[in-house]
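Okay, so chain A shows up in both of these, paired with chain B first and chain C after.
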Partner chain A sequence: MENIVEVKNLTKEYKKKKAIDDLSFDVYKGEILGFLGPNGSGKSTTINCILALLNFSKGKIKIFGKEMKPNSYDLKKKIGVVFQDVAVFEELTVFENIDYFCGLYIDDKNTRKKYVEDAINLVGLQEFKKYYPKQLSGGLLRRLNIACGISHKPQLIFLDEPTVAVDPQSRNNILDGIKKLRAEGATIVYTTHYMEEVEILCDRVIILDKGKIIASGTNDELKDLANIKERITVETKDLDNNHLNEITQLPEVFEALYEDGILKISYKNEKNNLENVIDYLKSNQIKYRKIYSERPTLNDVFLELTGKELRD
Partner chain B sequence: MIIYKTFFKVLNKCKFPVILYTVLLLFFAGFNMSSNDKSMDFTAEKPEIMVINHDKEEGLTKNFIEYLKQNTVIKDINNDEESIKDALFYRDVQYIIYIPENFGEKFLDGKNPQIEVKSTSDYLSTLANMIVERYMKVAKNYVGSTSDNEELFSKINETLGKKAEVEVTSKMDTSTISRLTRYFNFSAYSFIAISIYVICTIMLKFNEDKIAKRTAIGSIDYKKINLKLLIANSGFCFAIWGIYFIFARILIGEIAFSEYGLYYALNSLIFVLSTVTLAFLVSKFVKNKNTITAFVNIIGLGSSFLCGVFVPMEFIPDFVLKIAHVLPAYWFVSNNELIGSTEVFAGEFFKNFCINGAVVLGFALVFFIATNIVSKKKVEK
Partner chain C sequence: MFFKNFKYTFKALLRNRGLVFWTIAFPLIMALFFKMAFSGIEEKETFDAINVAVVSNEYFENDGILKDVFRTLSDPENEDQVFNTSYVEEGEAKELLQDGKIDGYVVFSENAPKVFVTKNGVNQTIFKFVVEEIVQSSDTADIIQAKVEKMFKEQNSGGFWNTLGMIFAMMQENRSNIKDISDANLSYMTIEFYTLVAMACLYGGILGAVSISWCLANMTNVGKRLSLTPVSKIKLVLSSALAGYVIQLFGIVLLLILTIGVLKVDFGNKIPQIVILSVAGSMAGLTMGIAVTTGIKASENAKTGILIGVTMLWCFFAGMMGVVMKYVIDKNIPIINKINPANMITDGFYALYYYDTLDRYMTNIVGLCIFSAIMLAIAIFSLRKQKYESL
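Right after this comes the complex of A and B.
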C-alpha cells in the first residue's frame, strides 16, 4: 500500500506544554483516515504540523514521499484543507469565495469556473451561489468552507471537524460529499470528536488523547479492544433488584445496569445473548416495550482505554 | 488575476468610508491652502518701495526712477537707519533701493555698478526685485547700441512697456507657486493618511488570521501574492494621486500643468510609492479597525509635524529636522521646497531633485522588503 503521508515521532510543544507527543502514523492512498479525540487532544495541531503551518520540535513528516516545507508549492497544489474555523471573505459571494480560494491553485479561468461549479454541486449550494456568507445558515456556511478547501480537486484532503455545530441535513450532505471525494480518488484525513461519524465514514481510525495515539486500526479492530462485545438494551418498567441480580448471573454477562426504566446489559462475548434475555424476560413474565442489541461503540473503546468518556 | 479581482471587490465593499475619507482629505488640502493665503486677491497691487538716490536725478537714473514710479508705489520715508528698519518691519515698504553715486554714468559706460537693496522676504519684495532686475536686463541689452541717450531711453521704455502685461502674470506666479508648494506639502499628510487608511482597511480582510492561514497553504508564493496586492493597492493610490493633481488644477489654475506643476506631480507620485509600501507594511500589524486610526494618526500626523508638512520647515527646530531625516516625508517636502524656489529647471536643481527622489524610492524599497520578511515570519511560525 502506498503511503501518502508519513509521520514519524512528531512532537510539538507550545511553551513547554506538549500538545502532541511522539506521534507516528501513515495515511494510505485512497483511504479515509479518521482522527478521533476529545477537545484539546491535538487533532488540529497535528494537521497544522503536517501542513508546515507550525514548526515542531521533533519528528519527520513526508507527503507524497517528500518533505513538506512552507515553500513546497508543488506539494501544496495537491493538498486541500478545510480548517476547523470557517475562513471566507464576507465581501464575496459564495461563488466568488470558492473562485478566490480555487484561484490560489488554478490559474486558468475556464478550468477554474468548471471546478468551482463542481465544488458547488458537491456540497449542494447551487441555489446560494449569489449569497453572501452573512446570509447563510451555520450549516450552509460550513458547506461553503468545505467547497473553498476542495474545489481545486486535490489528491489529499484534510478536514478538521467539518461538521461541528451543523444541522443533521447539512451533516448528511457533508458526509456524502466526502464519500464522493474519496470515490473520485482522493485520500482523506478526517478529524472529529463524533464517534458516529467515524464509524460511518472512516476506513481506519486513530484515537488520540492528550497528544498521544492510544489506539488505531479499523473500526472492527478497535472494537475488539473493548472488553465488552455486545450490549443489549431493554425498555421495561417492571424490574426489581431481584431480577437485576438474576440477570447479572446469566451466562457471559459482564455488567447489568438499570436506570429510569432502561436496562443495559454488557457482554464479554457474543453468544445467543439476545435469546437468553428474551427467555428470561418471558419466564419471569416481565413486560417490555423495546429490546435491541448493539455492538460496542468507539466510546466504549475510549472508555476502556482511558477510563473516561469520549465526550464530556 | 484573481487576486486583483478580489482586491477590487473588497475595495468596492468598503467604498463608503474610503470615499468619505478621501474627499475629506482633499477638502482639507484645499482649505489649508487657501486659508493661509491672504494674498490671493491683490493681483493688481504694486510693491511699495523706497528709493534712496545718491546719484543725480538725470539721464539713466532718472529714467530708472520713472520706470519704478510706474511699476511700484514709491513711498517717502525718513532716510535714517531706524525709520528704514521700522518701515521694513511693519511692512510699510517691502523693498528699499540704494542707488550709488554716478550710477547712471557708469551704467552707460558699460560698467556694472551695483545697486544695494534691503527687502522683506514676502512675495511683494520678490516682485519688486523682479521689476528692478527686468530694468537692468533690458537696459544692459541696449547700452552701446546707440550714442543718443534719448533714443536709448525710448528703446528701453518701449521694450519694458511691452512687457507690462507679462509683469502681471509673473507677479501671480510667485504667489501661486507658493500656494502650489503648500498644497503639495499638505498632500504628504493626505497621501499617508489615505494610503494607511485604505490599504489597512482592505488588507485587514486578506490578513485576517483564518484567511491568511488558508492563503498560506495555497500553492502561490507569498511573495507573489504580496506583489500583486501591492500593485493593486498602488493602482488605487495612484488614482487618488491623479485626483489630487486634477484638484490642484481646479483650485490653483493653469500653473498646475506648468513645469512647476509637473515636477510637483512627479515628486508626489514618487512619494505615493513610499506611502503605499509603508501602509502595506503597517497593514501586516493591524489587527482591527481601531488600530488603523491609531496608525494613521501616529504616522500621518507624526510625519507631518516633524517634516514641515503643516508648518514651513524654517520654523521647525534643527534637531527635529535631523530626526525627520528618517522619514520619507522629509525628503518629499524638501523636494517641494526645492521646486518652489527654483527658476531654472536644470543642473543643480536636477541633481538635488534626483537625490531627494531617490531617497524616497529607497524608503519604498525598504518597506517592501520588510513586508516580505514579516510575511515570511508569519507563514513559518
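Right after this comes the complex of A and C.
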C-alpha cells in the first residue's frame, strides 16, 4: 500500500506538557483513517502539526513522500482541509466563498467553474448559492465549510470534526459526501469524537487519549480488544434480584446489570447468547417489550483501555 | 491568485457595514457636523478682550517693544482687541487676580517672564501663549509689531474662534522660521477639518488590520484556511492590504469632495498636493493598522480598540479637540508631534495653505513615508513567523 502521510515519533509540548506524545502512523492511499478521541486528546493538534501550522518538539512528517513545510506549495495544492471551526467570509455569498477558495488553487476559469458547481452539488447547497453565511442554519454552514475545503478536488483531505453540532439531515449529507469523495479517489483523515461516524466511515481507526495512541486497527480489530464480545439488552419490568442472579449464572455471561426497567447482559463470547436469554425469559414467564443484541462499540473499547467513557 | 485574493478581499471589506461606517461614513458625518457646528459658532461667537495686568516695573517701562506690543493688543479702537490691560504694581495685580477681576498678570524681568493665573482656561492659555511668543521671538521689534498687527488686524471677521486660528498660525510661523507668509487667513474650522482628514486617513488602519487578520492563521479561522493554500503569505498580505488601501483612498476622496467641493471649506488651491498628502497619510494609517495587527499579541477586538485609541490620541495631540492642545504638546513635548502622523498630515495641509514654497510640505510627506516604512518593517518582522506554537 502506498503511504500518503508518514508520521514518525511526533511529539509536541506546550510549556513542558506533552500535547502529543511520540505518535507514529501512516495514512494509506485511498483509505479513510479515523482519529477517535475525547476533546483535548490531541486530534486537532496532530493535524495542525502535519499541516505545518504548528511547531513540534520532535518527529518527522512526510506527505506524498516529501517533508511538509509552510512553503511546500506543491504539496498544499494536493491537500484540502476542513477545520472544526467554520472558516468562511461572512461578507461573501455561498457561491463567492467557494469560488474564492477554489480560485486560490485553480487558475483556469472553466475548470474552476465546474469544480465549484461540483462542490455545491456534493454538499447539497444548490438552493443556497446566493445566501450569505449568516442566513444559513448550523448544518448548512458546516456544509459550506466542507465545500470551501474540498472544492479544488484535493487528493488528500483532512476533516477535523466536520459534523460537530449539526442536525441529523446535514450529518447524513456530510457523511454521504465524504463517502463520495473517497469513491472519487481521495485519501481522507477524519477526526471525531463520535464513534458512530468512525464505525460507518473509516477503514482504519486510531484511538487517541492524552496525546498518545492507545489503540489502532480496523473496527473489528479494535473491538476484539474488548473483553465484551456481545451485549444483549432487554426492556422488561418483571425482573427481581433472584432473576438477575440466575441470569448472571447463564453460560458466557460476563456481567448483568438491571436499572430503570432495562437489563443489560454482557458476554465474553458470541455463542447463541440471544437464544439462551429468550429461553430463560420464557421459562420464567417474564414478559418483555423489546430484546436486541449488539456487538461491543468503540466506546466499550475506549472504556476498557482508559477506564473512562469516550465523551467524558 | 493575487488578483483573486484582491477582488474578494475588496468585496468582503466593502460589504462589512461596521468597517464601511467607521472608515468612510463616519468621517463624512463628522464633516457635516463640523460644518454645522463651527459655522454657527464662528458667526455668533464674539471674542471679549481678556482682562490682564502687566506689572509696570523698571524692566517693562524701559523696554519699548514690550510696551508697544501690549499697547497694540490692548487698543480699544482695534476691533480685534485681545487684551484689556491694566499696568499696576505687583501687589495690586495680585489683588486683582484674587478678586477675579483679571485672568492673569505678568511680571517681566531680565530672566523669563512670570505669568500668574489662578486657573487653567482658554483665556489663561491665550495670555500665557502670547507672552511666551513675544519674549521668545528673535525677531526685531518692527517685525514683531508687524506680525502682531497682521495677526490681530487682518482677520476678516473678529471672533473667538478666529483668534484661536490666529494662535495656531502664529505658532506654526515661529516654528518654521518662514517669514513670507501669504495673506491667507486660516479659520479655526479649517484647522478642525485638517484634523478630520487626518483622522480619516488613520482610521484606514482598521481596514489594514482587518484585511491582514484574514491572512493570519493565529488571528482568524479564514486565516488558518488561507495559510494552507498554495499562495505565499507575502502575496496574500500584499493583495489584501492593497484592497484595504483602495477602499480607504475611495473614502478619503469622498471626504475631500464633500469638504472642499460641497461644504466649501477653504483648503487652498493646491489640490494635487492635497491629494498626494492624503495618499501618504492613508498609507501611514494603513501600515499602522498592519503593524498593530501583526506586532501585538491580543484578541482581534482588543487590537481594533488599540488602533482606534491610538488614532484618537494622535488626533488629540494634533489639535482635534482644541488647537490649544497642539500648542501645549509642541511647546512641552515636541517629540510627540514630530512622530505623530496626524500632526504631519495637519501640518502638511497648513503648509500648503499658508506657504508658497513646498519645503515644509515635503518635510511632512517624507515624515509620513518614514513612519509608514517603520510600521511596515515591524509588520514584516512579525510576519516572518511561518509556524505557530499554538492556534
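Going forward, the second predicted complex is superposed on the first by the 312 of 312 C-alpha atoms of A that agree within 3 Å, B and C clash if a C-alpha of one lies under 4 Å from a C-alpha of the other, contacts with A are read in each partner's own complex, and residues count from 1 in each chain.
In this section, contacts are C-beta pairs under 8 Å (C-beta built on N, C-alpha and C of every residue); 3 or more make two chains touch, one makes a residue touch a chain.
Predicted model, so just to flag it, every value in this text is computed and none were measured.
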Based on the shared chain A superposition, would you classify chain B and chain C as clashing or fitting together? clash
Quick one: classify A:E91 as touching chain B (first), chain C (second), both or neither. both
Chain B versus chain C as contact partner of A:Y100, first or second or both or neither: both
Who does A:N71 touch here: chain B (first), chain C (second), both, or neither? both
Thinking of the overlay built on chain A, is A:V81 touched by chain B (first), by chain C (second), by both, or by neither? both
Touching A:Y14 in the superposition: chain B (first), chain C (second), both, neither? second
A:K109 in the overlay: touching chain B, chain C, both, or neither? Say first, second, both or neither. first
Quick check on the superposed pair: does A:C148 touch chain B, chain C, both, or neither? Answer first, second, both or neither. both
Would you indicate which of the stretches 20-28, 38-46, 56-64 or 128-136 belonging to chain C has clashing C-alpha atoms with chain B? 20-28
Can you give me the overlap between the chain B contact set and the chain C contact set on chain A? 51-55, 70-71, 73-74, 76-77, 79, 81, 83, 85-92, 96, 100-101, 103-105, 148-149
Within their complex, chain C touches chain A through residues 1, 4-5, 8, 11-13, 15-16, 214, 217, 220-222, 224-232, 386-391
Residues of chain B touching chain A in their complex? 1-3, 6, 9-10, 12-14, 205, 208, 210-211, 213-221, 379-381
Touching residues on chain A, where the partner in the complex is chain C: 14, 48, 51-55, 69-71, 73-74, 76-77, 79, 81, 83, 85-92, 96, 100-101, 103-105, 107, 148-149
Chain B touches which residues of chain A in the complex? 51-55, 70-71, 73-74, 76-77, 79, 81, 83, 85-92, 96, 99-101, 103-105, 109, 112, 148-149
